[in-house]
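Letters A, B, C and D mark the chains as written, and numbering starts fresh at 1 in each.
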Amino acid sequence: MILNEAIDEIVDNIKGVSSEIDSERIEEMLDMLINANNVFIIGLGRSGLVARAFAMRLMHLGISVYVVGETITPAIYADDCLLAISGSGETSFIISTAKISKKRGAKIIAVTSYEDSTLGGLSDLIMPIKGRTKIDTEKDYIKRQINGRHQPLSPLGTLFEVSTFIFLEGVIAELMHKMGKTEEDLKARHTVLE
Amino acid sequence: MILNEAIDEIVDNIKGVSSEIDSERIEEMLDMLINANNVFIIGLGRSGLVARAFAMRLMHLGISVYVVGETITPAIYADDCLLAISGSGETSFIISTAKISKKRGAKIIAVTSYEDSTLGGLSDLIMPIKGRTKIDTEKDYIKRQINGRHQPLSPLGTLFEVSTFIFLEGVIAELMHKMGKTEEDLKARHTVLE
Amino acid sequence: MILNEAIDEIVDNIKGVSSEIDSERIEEMLDMLINANNVFIIGLGRSGLVARAFAMRLMHLGISVYVVGETITPAIYADDCLLAISGSGETSFIISTAKISKKRGAKIIAVTSYEDSTLGGLSDLIMPIKGRTKIDTEKDYIKRQINGRHQPLSPLGTLFEVSTFIFLEGVIAELMHKMGKTEEDLKARHTVLE
Amino acid sequence: MILNEAIDEIVDNIKGVSSEIDSERIEEMLDMLINANNVFIIGLGRSGLVARAFAMRLMHLGISVYVVGETITPAIYADDCLLAISGSGETSFIISTAKISKKRGAKIIAVTSYEDSTLGGLSDLIMPIKGRTKIDTEKDYIKRQINGRHQPLSPLGTLFEVSTFIFLEGVIAELMHKMGKTEEDLKARHTVLE
């Protein structure tokens, strides 16, 4: 079925991401997440859902984390870290958030398909996740949509989001190891009120 | 790195899901989604994020879809369909939503690791996604958390959510094909205001 | 108690808003909401919560309405209407959304304390709601916060949001009357799944 | 206009709430909010929007607060406090959340029109806010909607939500005073990333 082909394509992309992981950058990312006073996570659209899935796990690990746009998100400061997820690295709302954060002294981690994007240029650390293979002439999320040019809806269109979701799960596994957390340690923070 | 091992484990689970896909059930699922007047999607926690990612795609396809709990979600009726995502199939809020929907005559699709769960028993169609491999003695999300027993935070705990995310992407690819939609047809509905 | 004084202050502001309501503008607003193919509502922070409360009511009235930023919000078109809530009329994300909407031909209603704001200038209809009495030197939400200048946290700071909430409730009452809706007619659309 | 009448009706209800405020209960409420390790806020539908508006203000005041259902909400413990907003005091999801919280030893504050409701019975402190004047035969939110009986959509239907919104703004004013916070002190926590 087309469904199986789509899954194969997604799996291939993930394997490619996995094979190209740079362990030094991962170590740096872990340090930034662990050492930040507060971690802020941002993404829009489906990347925003991936962002929140990662934030939930960081919270379980006892890291103080906020999702940009949720009710209780406070101001960002110089000892904080912003992790921004944007396939194109050109989403305007994310760029403006990154600029504000940088100006205030916070560290920035970019998760993007384009190291040389505007977001990449603003960041202290780039985690490249391939998947957005064709560069749009217009990379800004809003402007692209106005003009009717958006990412493919076929599985190809979701390679970045899915691969990022899985990559960040792997980061959680690394974090647990590095922080010496067992599952027993972590359970206590999982919400009970849902 | 642990990160690569975690990704391998996730990939293996997805491949297992892919190899066991029942094409007749898929056809039935597509028909239910296409023929429903409104499709309602529900999930809690990280499954809720996966639910929303799928809802966004259905909206792009022109299917009338609502996420339970968002601002403009209307009442459910007999010609509607509820798609409920719950690894354990025992999340109490989802069970009560499914019961209400069933009583009102709506069709129910369950995406769960457990066909013989309470949610499974309420559903017209079950899409089994393995991943939640160890049955907890207490499967209800709230009660489990109260008692400090929850899913592992290691990648194992996320196998269901990630596999469901990817499976539902495959469903979108099938839907596009069945509905004869090209990407050009679909672009127009993507939000421009974000 | 201070609490009673705060409530008195809020009540005074609401009465002021009520006494200055321009019935012609209200008629025009009702027509725009009723005649739009889709109504889009936007607000940030606490104004965003007021926006969603209004959207929920419009949905109950059977008006096709979407909240900018929620999962299933589609593209905006020339036969649609954007209702934007911004006390200062200078919130940058709202300005950029209004510009996009205007470019695509949609009608814009501004609910703001400042008729001569940027948002006001972009709009087809302005509903002035006083409450933001002191003009900040920096009216943009993001930039203002960066620089540590924001609205007072005392009740004065909330006069705009509370008054807008109540004003929009009054608009719903007018809409019900104009659309000839009885409560019996409307009940059916209220969510049952929460 | 009907709009002005609706506003008058809302104002009358608020004045009634203000005149009946019990200063001892307010003091107790302030103490519970200040002394809690974490404050959790819950509400559904439009009461949920009011809940979040209050949570945002508590965050500005430096109180550690979480909204039930948002991404990073952790587990509740005995030194925490749950503030639950429910007009009827019978919303089933809120009741079950209150029961869990009580079992775990957390303090509960109910904001409701019905002191003798199920929620009232579970609570350590009740803040009565009139507005829901007619007791439905079925007070549960979900079940009521299934059966097509819900609160009036006219302004009367919103008296509880609007009055609670304003009442809680007054509580913030009291809290600022009691905590000796000036606006200067508080500014720093307002989000800059929106």
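The rule is simple: a residue touches a chain if its C-beta (ideal position, glycine included) is under 8 Å from a C-beta of that chain, and two chains touch if they have at least 3 such contacts.
Being a predicted model, the structure only gives us computed values, none of them experimental.
Note on connectivity: the fewest steps through touching chains from chain B to chain D is 1. Taking B-C and A-B together, the chain pair joined by more C-beta contacts is A-B. One inter-chain figure worth recording: chain B and chain C are separated by 34 Å, centre to centre, where each centre is the mean of the chain's CA atoms. In terms of their C-alpha centroids, the spacing between chain A and chain B amounts to 22 Å.
Each of residues 52, 56, 69, 75, 93, 100, 104, 142, 145-146, 188, 190-194 in chain D touches at least two other chains. Of all residues in chain D, those touching chain A in their complex are 40, 42, 52, 55-56, 59, 65-76, 82, 97, 100-101, 104, 188-194. The touching residues of chain A, when paired with chain B in their complex, are 1-8, 10-11, 14-15, 17-18, 21, 23, 26, 44-46, 49-50, 52-53, 56-57, 60-61, 93, 141-142, 145-146, 148-150, 152-155, 158, 161-162, 165-167, 169-174, 176-177, 181, 183, 186-188, 190-194. Residues 69, 75, 92-93, 96, 100, 103-104, 142, 145-146 of chain C touch chain A in their complex.
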